[in-house]
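Okay, so chain A shows up in both of these, paired with chain B first and chain C after.
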Partner chain A sequence: MEMVPETEIQDEGILKQQREIEKEVAEIHPLVGNKQPLTCLLKEYMDDPIYTNKLTKLAGVYQSIRRVRPDGNCFFRGFGFSYFERLLDNEEEWKTFQAIVMGTKDQLISQGFPKFTLEDFFDSFMEVVNRLGGEGKMDAEELSRIFNDAGTSDYLVVYLRLVTSGQLQKEEDFYQNFLEGGKSMREFCQQEVEPMYRESDHMHAIALGSALKVGIRVVYLDRGEITTSPPEHDFPEDCTPSVYLLYRPGHYDILYK
Partner chain B sequence: MSKHNNSATSRLKQDYLRLKKDPIPYVVAEPLPSNILEWHYVVSGPENSPYEGGYYHGKLLFPAEFPFKPPSIYMITPNGRFKPNTRLCLSISDFHPDSWNPAWSVSTILTGLLSFMLEKSPTLGSIETTDHEKRCLAEQSLKFNLGDKIFNELFPDIAIKIQKEIELRKAAVEMATKSSLPTILSTESGNNPLPFLGDRRVGRVDYPGLLANVVVIAGFTLFAFIVKHVLKSLSID
Partner chain C sequence: MSTPARRRLMRDFKRLQEDPPAGVSGAPTDNNIMIWNAVIFGPHDTPFEDGTFKLTIEFTEEYPNKPPTVRFVSKMFHPNVYADGGICLDILQNRWSPTYDVSAILTSIQSLLSDPNPNSPANSMAAQLYKENRREYEKRVKACVEQSWMD
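Then we have the complex of A and B:
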């Protein structure tokens, strides 16, 4: 029995449409944009008193924002850029981070990740990390260029995804509690962590932050009625945040104090 | 960061070296010399499967965004499992970009394709046929592939192997035809008509004669099988 051809035509149509949307998004949004004052967001929400109110409060704490392309990778890309940018000014922390990243490769291979492709992503990641300090240190402009070169930028995202997946599986007993819908951790990682363009939530954030020993603070901005400032969460809990991200439903951008 | 200016090309080159170093069972693959984004593969039907003896040629089309986006996968040789020349919907193909993992390599794709071929679960682009039909297609695949220019260019070794296989089959059929006149080869008279046996001692003439009889019988059996096979396939069609 052959499958109904209409399904195929429909699927082709959906794929085509999806590619067009992706292309459009890519044209409007750079992978990682320039730093802008946080108040620029006010323009987007002029008719929205809740957002305006929250943003005004937020602007008292955070000065600027750097937008990240909304392609499902924004958490990883935003995290990567923000932390690398910080390392450019923190030689000691950079050395520690270098050592941590070095350790992730063998850890992931020992967990059964395919060595050949893993090494490829690790090498590319390390190549960039190695240049965040020391002799051949790059400047902020070059970092921005690297993150806006799709090939390299996506290599960095993939490695962060693999590290996250490795951590989730290594500490499965802990993370299992967050899983919904009877999925196994392996399945969750294969479906929600490792593939590109899959969005991230707090589980990804805790795992990535723990694996690389980087504190992440996420500020939540949504339409929920509150009188105080927008809620903030640190991942992992009780960490000292080094990376600040603004979360609006479905999307992360980078925040600056 | 020039290394990744063209990430698909550099990654596929690495995948190619890797595949040469660690070949995977039953599948070989080669990129087009003119375009590394188009690879052709040949699956050799594994033993104890209805594909045994068959060769299945297909292609992988990689997007410029590989390895961040998956390739599309096609099968060219009629095989009874996948519709020929139709994009296949597998978790490793571009029908499911959401489940594609950038850490997967060409080896992973080909291994996945083979295991999916050996399964029976339906998907978009798959068809259902009986094992018998698959076996018939396996047999026909030899000739089909030799008619494909790219197949011959990229897989000359397999093409030669197939050519030999076809000749062997032809020889078997001819032998079987001869066996319909079995008395010609009778050696009872002792006067062997074949010149190359002329200088042999009389006492040993019987030996090749016996061998010839065995070959004839074997050929005849083979012929009977082929006839049965063909009749069966005709009755199904």
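Then we have the complex of A and C:
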């Protein structure tokens, strides 16, 4: 599912073709799917001993998977859904998170993000967060409906992207070390973080996890050597994970223990 | 029906009225919030000065997650404007950010008039004249300025 970075695409014909592919993907995959047993992945890799072996080991630790549409936003959408779902059952943590999110708005405005448009995304994000606990609490079904409504779901993704961009720029001295090819952090954020549909890697994960104080564990499932079990990484390092994601090259889905 | 795109466009419109940037204006067409008409006044101290250039902006329900299609309706002679009025500007293509609003789009196009980028030409004649024969370039632009008053 590796996509050519759009920065290299100028040709209108190629862009048009890419739009058509996006449309096809959207027709097949819901933005956030239903929970399925992890073993359902075994069917996809029946002829592949490496994947089968790794998946069997993984199924000893994780019970289920929830697929996220592979549209380049899967990291952010998967993170958002998974964490919000957790908050529905954790009233205290919800209150803390509400306060953290409240703080992000002024932080981003003070960093020079345009107030007018930022507020639009913040308001939509906060509206959903406010209903993850307390009196007007939504249920899991409604959360799923919200994440499958493209308009609202994409607004949530945008705000998470802006928070990530803000964190990367605020802690530029640290994150600069990950940058390749002489790009400035501002340029990187403009090209790889803020625009929708751009894929994420560990840098995005560390920044988002640190900004919102949420631990993320990513399990890597790929064609690498058969090891004892698929490698896991926590972002930020040494955190207690609250969100579990399965990474297969180019794509993230949600995992459940 | 209110969708995030329509809600956001109403906000964009309100902001453009309350806090209008110098030299640009825009408004939705009478019966469709998804299609706007806009005008960019040619920036001072450029060959585009005194021009009133009309544009259309077409939004989809994916706005602001995807950029709108912006096109000059007035005839233009500019290195980064195609013959059909289409505009070659990075923020309207691969560097689009959902934090841009209509106001930001129009002011970016306004600055493109002042500072063309002849290295990614949409009109190769304009780009060549801009680089090699500035006097002729300005003459051709002036003709567009005068024509813009007639539209």
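Note that the second predicted complex is superposed on the first by the 246 of 257 C-alpha atoms of A that agree within 3 Å, B and C clash if a C-alpha of one lies under 4 Å from a C-alpha of the other, contacts with A are read in each partner's own complex, and residues count from 1 in each chain.
Everything below uses one rule, namely that a residue touches a chain if its C-beta (ideal position, glycine included) is under 8 Å from a C-beta of that chain, and two chains touch if they have at least 3 such contacts.
Everything quoted here is computed from the prediction, not taken from an experiment.
Superimposing the complexes on chain A yields a three-chain arrangement in which chain B and chain C clash.
Applying the stated contact rule after C-alpha superposition, one finds that A:Tyr155 touches each of chain B and chain C. Of the two partner chains placed around the shared chain by superposition, chain B and chain C are both touched by A:Gln190.
When the two complexes are overlaid on their common chain A, residue A:Glu199 makes contact with neither chain B nor chain C. In the superposition on chain A, A:Ile146 makes contact with chain B only, while chain C stays out of contact range.
In the superposed pair of complexes, A:Glu93 makes contact with neither chain B nor chain C.
By the touch criterion stated above, A:Glu172 is placed in contact with neither chain B nor chain C. Put simply, more of the residues of chain A are touched by B, taking chain B and chain C as the two choices.
Mapped onto the common chain A, chain B and chain C collide along 25-33, the only clashing stretch among 25-33, 205-213 or 223-231. Residue overlap on chain A between the chain B contacts of one complex and the chain C contacts of the other covers 7, 15, 113-114, 116-118, 120-121, 124, 150-152, 154-155, 158, 162, 190-191, 194-196. Remark: chain B residues 1, 3-7, 11, 14, 18, 65, 67-69, 83, 86, 89, 94-95, 97-105, 108, 122, 124-128 touch chain A in the complex. Interface residues of chain A facing chain C in the complex, by the touch rule stated above, are 6-7, 9-10, 15, 113-114, 116-118, 120-121, 124, 150-152, 154-155, 158, 162, 190-191, 194-196.
Chain C contributes residues 3-5, 8, 11, 15, 61-62, 64-66, 93-101, 104, 120 to its touches with chain A in the complex.
Touching chain B in their complex are the following residues of chain A: 1-3, 7-8, 11, 15, 113-114, 116-118, 120-121, 124, 127-128, 146, 149-152, 154-155, 158, 161-162, 190-191, 194-198.
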